[in-house]
Every structure is written in structure tokens, then in C-alpha cells.
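In the two complexes below, chain A is the common chain; its partner is chain B in one and chain C in the other.
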Partner chain A sequence: MIRPTLQALMSHWRAQPLQCLTLILGLALATALFSGVQAINSEARSAYAQAADAVSGPGAVLERADGAPIEQAQFISLRRAGWMVSPVIEGRTRISGTQIRLIGIDPLTAPQGSRAGQAALSQEDGTGFLSGGTLFAAPNTAAGLPDAQNIRAIEGLAPGLVFADIGVAQEMLKRPGEFDRLLLADEQPLNRPQLAEIAPELQLRTGGTEGDLARLTDSFHLNLTAFGLLSFAVGLFIVHATIGLAFEQRRAMFRTLRALGVPARLLVTVLLAELGIFAVTAGLIGTGLGYLIAAALLPDVAATLTGLYGANVDGSLTFRANWWLTGMAIAILGTAVASTNSLQKLARLPVLAPAKPRAWVMASDKTALLQAGLALALLALAALGVIFGRGVVAGFATLGALMIGAAFALPMILRLCVGLAARVAKNVKPQWFWADTRQQIPGLSLALMALLLALATNIGVGTMVSSFRLTFTGWLDQRLASELYLRASDAEQAAELQTWLAPRTDAILPLINTEIEILGRPAEVFGIADHPTYRDNWPLLERLPDVWDRVATGQAILINEQLSIREGLRTGDTLTLGPDWQAEIAGVYSDYGNPRIQILLNTDAMDARFPDLTALQFALRVPPDQTQPLMDALNEKFDLGPDAVIDQASIKAFSLEVFERTFTVSAALNILTLSVAGFAILTSLLTLSAMRLPQLAPVWALGMTHATLARLELLRAVLLAAMTLIAAVPLGLALAWVLLNVINVEAFGWRLPMYLFPTAWLILAVAALGAAVLASLWPAWRLYRTPPAHLLKVFVNER
Partner chain B sequence: MLLEVEKVQKTYASASGPVTILNGVSFQMNAGETLALTGESGSGKSTLLHIAAGLEAFDAGSVRVGGTDLAQMNEPARAALRRDILSVVFQQFNLIPSLNVAANIAFQARLAGRVDPDWIATLTERLGLQDFAGQYPEQLSGGQQQRVAIGRALAARPKLVLADEPTGNLDEATGDAVMDLLLDLVASSNAGLLMVTHSERLAARLDRRLHLRRGALAP
Partner chain C sequence: MNVKHFLIAVLCVLAGPLFAQGFAGLGTDADGFSTPTRGTELTFPEDHGAHPDYRIEWWYVTANLKGEDGKDYGVQWTLFRSALEPQTKDGWQDPQIWMGHAALTTPTRHFVAERFARGGVGQAGVTATPFAAWIDEWQLAGPEIGSVNMSAQGTDFAYELSMTADGPLVFQGDEGYSVKSASGQASYYYSQPFYRVEGTLFLPEGPVKVTGSAWLDREWSSQPLSDNQTGWDWFSLSFETGEKMMGFRLRQTDGAYYTSGTWIAPDGTPSPFGDGVFKAVPQGTARVKDKDVPVEWRLTLPDRELDVAVKALNPNAWMDTAFPYWEGPVMISGSHKGRGYLEMTGYD
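After this line comes the complex of A and B, so read on.
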């Protein structure tokens, strides 16, 4: 009984291959966007984990509080006292002319779980690491150093790093006898002496690189995931519409099957199996497409993560079972969600229920009213979220309520507009057109909702990115006022440089920084000189009168916006910075791109508080035309590293490049989401066209030509898309406002001004209307080509 | 006894209050017997047929098919009854549009697990459908579609055929031809036939005739 039932159900798809294709493609596209984003996230997170495993293992590390190197003698004392520690040194150097980040490890004492440590001790890979100066790197990194003779490619190492034995690394970095940190093994002897007794200058830091990076990049990945989910939701609209239609079209078949003796439960079970086949097929195609999308976008994401957070992520994609399984699960889950309603209806359907497709295209006033009520409730919830919500999750929940509420409100708004147009229309043809359009709205509403979401996201994210770009560019000009930035390798070189530079520059502005704890959080402290460079340019959001005079006294400080928002601090407040250290907040400055809290104080006050600190970085003021000659002279005179001296234009160009690449991904996902929405319209129009024959045949019989009907179909799609676009503008702006004023503040700790970009809306309008025309061309052409015999059948057959 | 209907009551709820469709209808049918059910529109003929097929529930009384009480059956058991013991021929044919003629004829026999290729071939030939076996319902005329529906109903060799105005959509000549075939095939498979019809002429061709008037059998 199962086989003939399944065959009968599947025969529908053989007869309707286009519908079958749209169902599978809709689900596949939705899965592709979601799994593509998941693949990127999974790749990035795996890179953080590899970095942590390879460098520090999952455990804690010992470091000097002042950031100075650890002496070899301290390491030996700790080992003798029973502490299970392993040394690490890290730095930048050049191999065959290419700059690399070198990590020195001691494989014999490295904690378990360190991939490089394990490789060094294995017979297969380890030859030469301990004795012969062999270096290890991930295959892609090794491939980037073709001239290096002694590099071995080891699978599973963090990308962008080169590993060496600790002794070899000390030699290559010219830092004999020094370590940067000591890794702590998970298991330590219980009777070991206290750290304070053996090495009081060392402090314990728990959580490795992975934790730091994961925390720093969480918001970035959350944004990507939100985009993936949005695309998936848009895709689900297609699947829901297609499955709903397929169920409605087969109502007569279901009735016949039941009348012929197929039990309801078996019918539902077989339909579930049928949907399962679709879900798996679409899942396989979707995850394949997702892989391609991820592979295309990953280089930009990798560049963003490196630029913004210093996280090394390889630009090439690895196949991972976890995201593939997630993609398949989401395809199956999506199908289940999209079909639950239809299956429930079928299970409750009396055997002799009317066979005509109705509910899908003829939503009742009651349903419309219910939808409108739901829309109002969700929009009210979004308003409450804006007023009372706290945290990133609450921010995204607010966004969700806003978007879904607006989507539910769309059919009601469209019905009102079309009803109004019908009332105003005077001639019979426009009257019929508007009445017919009103009848089409329930059938097209899911696709139009998808379009609304895609357009609003486009406007919202576009407004956010453009506002950010405008603010960021201005901010860069203010923050990077100096012409040159210089980094010395040590205090001795710093002193030499200052002496040499004094007669050759207008000003040398030392940049000193350290870390302290403010209100229980790690914070950056920067010392800046009292100089017009800062007085005239520093991007202050709030300020007390005579702010710079107050800072110059050493009694007042400036704080970044992140600290101000997180702790609710305003200018004039007093901030406790230490046991005997309090300072007045004289100003709040914008600090885009920095995930940490930060304060600025006068250099003299900084020297007094941290006498051991030496300025190794400097901002130099020189006449603009002297910048390049001075850079050349500096490089010629001193043994400076390749990035030790950098001009303002290069930093700006680099920052802007990072910025642009960050949003390349958003832009690509935006376009893909819009394409999916366009596909949703095509799907709905195509599938509706067959069901519309009973409505069009009488009009045709009364004298309207095929060509006129086809033209009106095209016009209808364009008008509905235009109305949806008009509704999408305020929704998109609301979305941008929430992104800029709620999500951004919660996720990153800074607020941005919102600017409007009507030209971008115009471009989007052309794209959206173009998509609507493209989507409706085929159905209109099919209608134009419908043979009269098909239309005549309407009058002789039950449909 | 093939079919026993005893004091069956059926009431529908309507906006103006409950409407009694069947009011204590009782009759019996023997194996191989043919019975016409006539009456005006709205007299309850189709409802009675649907109740006998287990497609619709009733409020009071009892219906036994082959000795089994329908009131005691759950939905899967009633579905099994429709597969194994009886077949329904609908006025609107209710063919599966995506299956061809051959697959439609064999469909119920396959559901019941009683496929007899020789019998199906005989049926197809007797119904004059052998040249249309690969065609789909929408490519057939109304009379051809009704013949496919009859073939499907008889392919599983049911004990009882319930036909709801099987010629109601056909012209007189085609209707007569279809009717000849139906009676002939029912007789050759020794099945019982309960047929709803408006036609006095067709009703006269069956063994017995019951006339429904306002939900009750007319004397």
C-alpha cells in the first residue's frame, strides 16, 4: 500500500517538474546561504582553536605583569621547584625576504594538545626539529615560503605562523635567553611552592588566545549568523509557499486516496517521507552551494578578522563535517517548519472535504485580521524592546520582532492600498485589474514578505555601512593627525631616534601605553602629550570646558565611548583607577574598531604613575612634503623593521581597506538575499499562474486578449513590488536605527550617527523593480502562450 | 447479507439550526444484487452512499458491511474496508491526474495488494481503453474518464460497488454504454451494486429500487 501511495504522490512532481524544481531550489538556496555563513564561522573558529592549541594549549600561562621578557633563570627556578611549565617566545622576523610570525616552543615540555609539540616529537615529522633547525608551518603558510629550505608542512597547525624549537627561535629573533610566556600544564604537583615565593614578578593568566579571539570576534560572527538566518528565513518563505501550494493542488488527490482506502496516518507518513527526500536532496545541493559561497567570501572574512582583531584565519576553506551536518539539519528542520501547518491540516481533513484549492489563494478576512493583530503585537514588542531591552540578544530579538511584525503587516497594507485604488478606478478594465490584484495578494503575500525583508535589510544594512563609512573616514582624519608613526625596537634605539629626529621634525609625540584594571575590567591606558595635534583634532564626543587644560594638569583624563557606555560614565564624573588614584573625566572620545575600554592621560602623569615604562612608539609631525624623505632617511640611518615606520596615508589606506573588506561580505550576502527574494516572486507567480486560469478564462471569454492579460500580469508584479519597496524604506531605516543605536552599542560599545542615502534607495528601487519584471516575464509569457483549449477547459471541468 | 442498513439517522448543523438528512433509513442488500437509490436533490442519496462507504459518520442506527458494524470501526479499519471489500465510483471520476490510464485502473488493486494482471487486461479491453493506456486523464473525454473510474473500482474485485451517479456527467448514449458495461462487469465479478441515480430509466435496469424522500424511504 505504501508503494502505490508514494508513487501516486510522486507522480504529481513528474507532472509538475517546474514546481518540483522551485521547491528544491528554494530550500537549497536558503540552506546554501545559511550553511555558507556557518562554514565561514566554523573555519574562523577552528583557526582560533588551532592557534590556541599550537601556541598555548588549552591551559593557563604565566607572564610578567609589565610585559617584559621572562629570564631563562626564572624558568629554571620554576621547573626545579616542581612547576610544570614550558617556555614560548614569539616575534616577527624574515625568512628568505618574507616577513613571518615565529613561535618558539620546547617540544619536550610542551603541554599535551599542542599540535606543533606533538609533531616535533613524532618520528615521522619530528626529524630535525630539535637538532637541525627545521621549522614547521601549516601547508598553506609553508607554500608561501618556497625559498626556505628547512620548512616542513604540518597539517593542523595554525595558519600564518612558523614554529621553531625555542633555541632556534631565540637565535632567529636575536633574543637569547628570553621567553615571552610560560605555558602551564593542566596537571601540577600539589606540593609545589607558591608562585609568589619563586617568581613574584610573574602573574597567572587563564584562558588562551582562543578565548580572547573568540570573545573579540563574537559580535562579528553574530552579525554573520544573523545574516545567514535572515537569508534562511527568506528562503523558508519560498519553501512554505511551494509546499503549501503543492498540498492545496493535491487536495483532490488526497481525497481520492483516502476514499480508495489509504488511511490518514499512512498518507501523512508517506508525505513526510516525500518531504524527507526533498529535504535531503535540497540539503545536499544547498550545502554544496554553501561551500562555494563560503569559499568565495572567506578571503574577505579572513582579511577582516586579521585586520580588525589580529586573528589569523587561512583564506582557504576546509570541508568540516560539523557545518555540513548543521546545513543538512537546517534543511530538514526548515522543511519540517514549512510543512507542519499543511500536514496538520491534512491530518484533520475530512475524507469528503472540498477538493478545490482555496485556502492558499483565498485567505479569509478572519485570517487577514489575525495576521494584522499578530503584526501589531510584534511591532509593539519591538517598541518595548527598544525602550527596555538590554544586551545583544535583546537587540536581535527586537530586530526579529520588528522585521517579522512588519512582514505580517504587509498584506494588510497592500490590501488597503489596492482596495483604495479599486474604489478610485473609473473604467471597467482598471476596476477588474485592481479587484483581481486584491485577490492575488494572499497568494503572493509570502513572496512579497520575503521581498520586503530582503529590501529592508538592504536599506538598513546599506544605511548602517554608509553611515559608518562617513563617520569612520572623518574619524580617521581626526585620530591620525600626525604625518608619521614610528616604533623603536628598544629603549636605547628610542633614545637615539629622538635625538636624531629632534632637529628634523616639528614635534615628536611619544605614545606610551600599558594595561590596568578599571572597575574589574582590563583596560588600556595611553599617555599623550599636551600638543595642538590632540587639542585641535582629537574626536571628542563630550567635553568639559577647557578639557585639554584639565588633562594637562594630570588630574583629569579622557575615556573612550566604550567605557562611557558600558559603565554609564559621563564628563564631570570621577573615575577610580587604583587604590590611591582617582581622576575626573574631562571628555569622552570615539574609538571605533576597538573592542576594549581605554583611557588617555597626560604623558607626565603617565610617567609619574608608571616610571618603568619607556616610550617606544612616537607620532611625528613633519611638513607633508618631508614625509617620504624622512622615512627614507630613517630606514637608511637606523636598523628598523619593515613596519617600524609608517606614514599616515598608509595607515588610513590600510584601515579603510579593512573597513571595505569587512562589509564586502555584508554586501555579497545582501545581493544573495535579494536574489532569493526575487526567486520567491518567480516561484509564486509561476505556481499561481496555473491556478489562476479559472479567474482569467472568463475575462478572456468576455473579450480581453492574451496579450492584454499578459501585460497586466507584468504590470501587477511591478506595482506590487513597488508598493513593497515603498513599505521597505521606513522599515529599512528603522532597522538601521536599531543596528546603529541598539545592536552596535551593545555589541561594540559605540554609537554612530545615522545618515540618509536616497541615491542608494533609487539604485535599489531599479534593482527590485527589475527583479520583479524578470520574475514575472516568464509567467506572463506562459499566459500569453496559453492555448485557447486550456482556457476553455475551465468551463467544462471541475478544477 | 452484504449490506445491512438499520434505522440510520444523520443530522447536519446549519446556520438556521439542525437539518435532518436521513431519518431512520433501513434496507438490506444481498451479494450479487443491484440496487438503485433514487430521490430528489437533497433527499440524502449521496449521504447514504457515503455512510455505506465509511466515508461519512452517522448519528444513530447501524450499518453492517459483510457483517461488520461500521460504527465499531476506527478510521484505519474503515480505510481497510474501502480497500478490501468495497469500491466507490464517483460522479466526478476522481482520477489521479498525474497517473496514466493503466496506472489509474490498477491503482486500487495495488493498494489492496490484489493485482491480477489478466483481470486488469480484460477490464481494460472490455472498457475499450487499451489504446489509451499511456494517456493521462486530462487527455480523455468525460465518458472515457468515467470508464477508467469504473475499471479502477472493479480491478480489485470488490464485493460491493457503490456508484454515485456514475453517468450523471455523460450524454445519454455514452451514459447507456457505460451503464451496460458496469452492469455486465459487476455481474461477471458477482459483486453487489448500490447506485445513486436521478434517472428513472437507469434505475429500472437494476434488480431493485429504493426511493428516498426527505431523508426517509418512500413506501
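After this line comes the complex of A and C, so read on.
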């Protein structure tokens, strides 16, 4: 019985190939966006893991509390006392003129999971690493160093790093007998003395610096995930609509089958199998598309991560079975969720119940009430989230509550508006039009909700990005006040450069920096000179009256906004920076794009605190027309690398480029979401148009022409879209406000002013209305072309 | 797998085709490593130290111990040296690679630990005077080789033993020149089989005081096996009569064997015997780590009227190290009674 049943059910899809396509495409699109984002995230995460593994291992690390290098003798003492540690040295150097980040490891003691360590001991790859000076790098990284003779490409290494044997690295970095940290093996022997007995200067730190990286980038990935989920939800609307339609249209067939003796259970099982086939097909297409989307977007994501966080992520995508299975599971799960409702109804269908095709469209008032209640509850939750929420996840939860709450409120609002219009209408025709529109809202509401979400996201994200851009460009102008920025390769060259530059520049401003721990977090410390360059330009958000005089004394410091927000510090507060070091906060400055906390203090105070530090970077003040000649002269006179001298304009251009690329992904996902929403409207209208013949036939019989009916259909779609658009503007602005004042603050630690961009809304309005027109054009045209006989049949045929 | 390949290459214990260049006949091989020559007189204490111009070398101690609890125990302490080039250099450039293996065998359990280090920086090495061999915190050190402390540990076991030699050093083969194949591969090889041992084993259940005997093997060469040899079965046996015997069987790809060994009188006088005299025949195997390993043997040496059964104290004494093999204490019964150690390579 299964076969004929299945054949009968399947015949529907042969008759309705478009519906079949819609179902598969809708599900595939939903899966594609979701799995695409997942692929990007997992690629980035695996890069972090590789980097963590490469640099500090997944486990614990021993370091000097003061950040100074570890002496080789200390490593030996630890090993000889039974501490299983492995040395690492790290630094920047040049290989055939290209700046690289070099990691020195000891393969013989490296922890088990170290990829470079393994490769160094393998017969195929290891030759020459231990004693021949061979270097290792990931294939892409190695390809970037074509002139290097002794570099070997090793799969699975963290991108952007070059690995050398510890001794080779010490030599290349000119730091003999030094290490930066010791990796602690997971397994340690039975008896070993306390760390304090052997190496009291060293302290144990669990989780490497790349753990910080994962934490820092978490918010970025959460952002992407939120987009993926949104797209998926929108896609599910389509699937829900299509499956609903297919079930509705087959009601008569179900009834016949049941009457012929097919048990309800079998019917449901066969339908489940049918859905399974759809889910798997769509899942296959969707994951394929998702892979393409991820591959297309990954270079931008990689650039963003590098620019924003200094995280190295390969621009190429690896296929992961795990990811693919998740994508398939999501497709199947999504189909299940979208079809539960319909299947439930079918299972409960009495054998000879008269088919009620309108039942599905006529969502009961009870549902409407439930939706309204849900909407209010969610919006209240969002309000509570704004007031009491803490953390990025809470921020996104607030956002979710706001968006879904607003979506649920939409049908209610639309019904109110249409009801109002109907009451105002005087003539029969408009009255019928409004009444008919009102009763269509339940059927269209899911698609309209999808449109609302897509539009609001568009407005919200657009507002955030544009506000950010405006603030950021202004800030860059203030922050980058010097004409030239210069980096020396070592102290000797720095001294030479200073002597040479003194008569040729208006000012040489040394930039010294180091890392300390502030309130338990790693923080950057920058030393800046007392100079008008800073006094006149530095972008201060808050300041004490004579802020620069206070900083000049060395007693006061400036902190960045991130530190101020994270620790709730204000100007006038006193901050403890070390055991015998406290300083007054004289000002707070904006520091966009920096994921870390940072303080600024006077150069002299910096020298006193960190006498071992030498300035290797300098900001130079020169008359603007002298910039290029000075750069040329510097490059000619000194052996400087290609990036060692940069002018202000280049840095600005670079910063803006990073900024733009950061949001390329958001923009791309935005457009994709909007197209999915447009598609949702199309499918919903198609669904409705097929079912509405019985309602339109009487109107036609009363004398309204095909053409008028079709025009009205078109008008209705545009009107509903327009109303949704109007609702989307305040929602989008609310979204932007949450993004700027909650998410940004929690995720990055900076607050941004919000600017409004009505022109952008106008463009969006045109796009949205255009999409609605396009989506309704075809159903309207179909209506226009419906043969009169077809309409007449409504009266003949009782169904 | 990679690590293992490397180590096989480096240690060339089972090197075969990798280092098949053969002997140049002038005391050095194609890569510049020295090779043993017959008639070279070993000098002490210098030869207790390292010979970096030879490719491989080891300091190999096995001990048969009895605990206060009445149980039999076995302990292994080994330091391998393997040279990438026939020289030493200061610091990390040193081409001398060191590897330590430690094991503790009880009748029911077998504990293993392994260490790696590079020479040149002090993490591992051997000095002749005062005698000290170490890798990390493991050491075999004393004022001199006749009186040493030996310690090692892993994540779940440790031992600290003091050892005193009751007899002289014993030269294997021809005055310390030990031939390893019919085609002439050889190594320098001497032993100290007369250690009296006392100390403590640290087991998960707690410490156990032990006493017993230990045997040190010192061996260095640049190519101990020939191409057609796939592994060895090596025995060091101490009989209740005070006599001792070292015997090994090198397995060949053609199914034949090369055997050799030394009978050691209670006063330490060695009597070497050549290929074919000593016979070792597997009597039973155990399934260890998915491999069939012969853990019961019949050994015969007609010259000495030796006909004994040798049986592993714990058949699961598999050394699950980067370069895996079987090594554990054995009990001897038959014409002679006693205890000893068995090492089997090439079964992985």
C-alpha cells in the first residue's frame, strides 16, 4: 500500500513543479546562510586553536611576572627538578626582506599536540629542522616567502607564523640564551618540588594569550551567528508556508486516500518520508551553497580579524565533515519544525471530514491573541534586557527579544491599520478591498514578519555602520596627527635615526610601549611625550581641567574608553598599576578598533618605570610638503624594511580599509537576508492566490474585471509592504540603538553616537517596495490570466 | 607514526635500508661516524662517558628486585644517545639527541616513562668523572661507576635505588668488541652485572622497600645491525650459582638467526661463545598490544649443560614508547635457576 500511496502523494509535485522548487529552494537558502556562517566561524576558531597550539599550547604556561625573558639556565633547572616544560621564543624578524612572526620551539620537549613539534620529528618533514636551520610555515604562509631557501610548507600549522628550532630562532632574533615562556606539559611526573623552590620568578598562567584572542573575537562570531540564525528563521518561514500550501492543496487527496483505506499512521509516515527526501535534497544543495558563501566571504572575515584583533586566519576554507553534518541536521530539523503543525492537523483529520481549504488561512482569533500576548511579553523582556542586561550574550538576547517581539506584534498592528482604513472607506469597492486585505493578513503575516525583520536589520545595521564610520573617520583625523611614523629594527638603529632626523624634523616623538597587568587583565602601556601634537589633537572623551599638565608631571595617566567602561573608571579616580604604583586618571580617550585596555603616561615617567625599554617607534612632525622627500631620504640612507616608514595618509587609508572590510560581511548577509524575505513574500502570495479563487469568484461575478482584480492584488501587496516598511523604521532604529549602546559597549568597550541617515531608508524603501511588487507581479498576472471558466467552476464545484 | 619513523631513523636500532652504506673499513662510515675496530683497548673511566663520534650509544640498567611485601619487581633505566652528526657543539646546535626510558614492572602491572632532550644545553648528558648519566631529573650517578644512585619517575611511578658493584666490569665479545652479524657489524660492549641493589619503589599503592641485583650494559657503535636483521631477543640471566649469562639472538629476514653471548663466572671471568652455540626457542606467546610476543623461551647452551625455561614475570611488559619494544623481568627454571631480564625488539 505504501507504493501507491507514495505515488499518489508525489503526483502533486509533478503537477506543481514550482511549489516543489520553492520548498527545496527555501529550505536550501535557509540552510545555506546558516551553514555558511557556521563554516566561517569554525574556520576562524580552528585558526585560533592552531595559533594557540603553536604559540603557547592549549595548556598552562610559565612566564616571568614582570614580562622579562626567561633564562635558559632556568629551563634546565626546571627540567632537572622534574618539571616537564618546553621553551618557546617569539618575535618579529625579516626573511628575505619580508616581515614575519617567528616562533622558536624545541621539538624534543614540545607538548604532545604540537603540530610543528610533530612535523620536526617526522622523517618526511623533519629533516634539517633540528640541526639544519630549516623553517616551517603553513603552505599559504610559505608561499608568501618565495625567496626564502630553507622554508618548508607544513599542512596544519597556524597561518602567518614561521617556526624554527629554538636555537635557530634565538639566533635569528638575536636573543641567545633567552625564552619568552615555558609550555607546561599536561602530564607531569609523580614527585616534583614546588615551583617557588626552583623558579620563584616564574608564575603559572593557564590558557595562553590566544585564549584572549578567542575571547576577544567571540563577540564578532556571535554577531555572525546571530545573522545566520536570523536568515535561517526567515528561510523557515518560506518552508512553513510552502509545506502548509502543499498540505492544504492535497487535503482532498488525503481524504480520498483515507476513504480508500489508507490508515492515518501510514499516511503520516509516507508524508514524513516525502519530507525527509525534500530535507535531504535541500540540505545537500544548502550546504553546498553555504560552502560557496563561506568561501566567498572568508577573505573579508580573515582581513577583519587580522585588522581588528591581529588574529591570523587563512583566507581559504577547509571542508569539515562535522560542519557538513550539522548543516544537514539543521535542514532536517528545520523541515521537521516547519511541518509539525501541518502533520499534526493531518493526523487528527477525521476520515470523511469535509475539506476546509480556508481553515489554514483563517488563523483563529485565538492565535492572534496569543501572538499579541507573546509580542508584549517579548518586548517587555527586551526592555528589561536594556536596563539590567550585562554581557554580550545578554545583549544579543535583548536584541532577539526585541526583534521577535516586534515581529509578533506586526499582524496586530497591520490589522489595526487596515481596520481603521476600512472604517474610513465610504464606497463598497474600497470597503471590500480593506476587508479582503484584513482577512489575508494571517496568511501573509509570516512573510511580512520576515520582511519586517529583514528591513529592520537592514536599517539597524546600516545605521550602526554609518554612525561608526562617521565617528571613526573623525577620530582617525585626531588620533593620527603626526605626518610620519617610523619603526627602527633595533636600539642602535633607533639612536642613529634620531641623530639623523633631529635637524630634519620639527619634532621626534618617541612611542614606547610595553604590557602590564591592570586589575588582572593584560593591558598596553604607552609612553607619550608632552607635545602640542597630543595636547591639541588627542581625542579625549572626558578630561580634568588641566589634563595635559597633570599627565606631564608623570603623576596622572590617561586611560582608554575600553578600560573606563570595563572597570567603571572615571576621571579623577585613582588606578593601581602595580605594588607601588598608583596614578590619577586625568582623562579618558576613545580608542576604536583596539580590543585591549590601554593607558598612556608621560615618556619620562615611562622611562623611570621601565628603564630597560628603548623606543623603537617614532612619530615625526614635518611640514606636509617635506613628508615624501623625507621618506625617500630615510629609505635611501637607512636599511629600513618596506613598512618601517609610513605616512599619515597610508595609515588612515589602511585603517579605513580594515573598517570597511569589517562590515563587508554584514552588508553581504544583509542583502542575502532581504532577498530571502522577498522570496518569502512571493511564496506566501502564491499560496494565497491559489486558495483565494473561491473568494474572488463572487467579486468577479458581481462585475469586477480580471484586470481590476489583478491591480488590486498588486496594490494590496505594495500597501502591506509599505506598512511593514513604516513599522520597520522605528524597529530598525531601536536595533541600531541597542547595537551602538549595548552590544558595542559589551563586545568592544566603546560607545558610539547614533546618527540618522534618512536617504538610506529611502533607498531601502524603494528596494522593499520593488521586491513586494516583483513578488506579487506574478500571482497578480496569474489571476489576470485565469480563464473565466475557472472562476465559474468555483460555483459549480463544491470540492 | 611520524615520531616513530624519525626515531627509528635516528636511533637506527633497526635501521636496515636507511643506513645501509656498510663499513668503510677505515674506522669511519660514509657520514663520518667512527666504527668499532677489533683490538681497541677500552680505557676507564673515560669509556664510561659518551662517544659522540659514534652514531648510537646506551647506558642500560635492568634490575631484578624483591620487595618487603615478598613480590618480585623489575626496574629498567636506560639512556640512549643518538647523533645526527659525529660531533658535539655548544648549545642548541648540538647534534646529540638523548632519549630516556624508565620502567617498573610488577607481576600485574607495567609502568613506562620516556624523555627526550638535546645535548649541549645541560638537559641530558653523561660525564665519566665523577660518573653521572642524566636526562631531566632522572639520573644514574655516583662518585664512580661501581657505586651509583639510580632514579627515574613517570606520572604514576618512581624509584630511587642505590647500587654497589660486587664484581669487576665484564667485556663482551672479543675484549669488548661484540660482533652482531655474520657480515661483521659490531659494537663496543661491556657490562657490570654485579650490582647489589637496595632502595624504594613508589607505586600508586604506596612505597615499597626492595633489594636485589642489577646489570648495567654499555654499548656504542654506528651500525649495530645489518640490512637483513629485523630485531633481536636479548637475555641477561643471573643464576643462583653466582654464574651469569648474556645471550642474544638476532632475527634475519630469511628466517635464520645469528646468536652470540658470554658465560660469566662468579668472579667475572667472561667466556664468549660464537654464532650458533647458544640456542633460544620461543615456547609460548602472549597477545600484547595486538602483537604476538614470545614471552616463554627454552634456552640451551650445551657447553655449560644449560637447558632452562625462561618465563616473563609479567607478559605485558610492553614499552609503549615512541620506539616500542618488549622489556621485562623473567624467572628461570630448569637446569639452572635464577632471575634475569629479557628484551625483544622488532615485534611491533
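Observations
Convention: the second predicted complex is superposed on the first by the 624 of 799 C-alpha atoms of A that agree within 3 Å, B and C clash if a C-alpha of one lies under 4 Å from a C-alpha of the other, contacts with A are read in each partner's own complex, and residues count from 1 in each chain.
Keep this in mind: contacts are C-beta pairs under 8 Å (C-beta built on N, C-alpha and C of every residue); 3 or more make two chains touch, one makes a residue touch a chain.
As the structure is a prediction and not an experimental result, all values here were calculated from the model.
Contacts of A:79 after superposition on the shared chain: chain C is touched, whereas chain B is not.
Touch criterion met: A:190 reaches chain C, while chain B stays clear of it. Applying the stated contact rule after C-alpha superposition, one finds that A:109 touches chain C and leaves chain B untouched.
In the superposition on chain A, A:576 makes contact with neither chain B nor chain C.
When both complexes are overlaid on chain A, the residue A:628 reaches neither chain B nor chain C. In the superposition on chain A, contact of A:344 is made with neither chain B nor chain C.
Annotation: chain A has no residue touching chain B in one complex and chain C in the other. Residues of chain C touching chain A in their complex: 2-3, 5-7, 9, 84-85, 91-93, 95, 97, 113, 116-118, 121-123, 134, 136-137, 153-158, 202. Those residues of chain A that touch chain C in the complex are listed here as 72, 75-76, 79-82, 84, 106, 108-109, 118-119, 121-126, 130-131, 165-168, 170, 176, 187-192.
Considering their complex, residues 1, 3-5, 7-8, 11-12, 14-16, 252-253, 255-266, 351-352, 355, 793, 798 of chain A touch chain B.
Residue ranges of chain B in contact with chain A, taken from their complex: 50, 53, 55-56, 75-76, 79-84, 87-88, 90, 92, 94-99, 103, 107-108, 110-113, 136, 138, 152.
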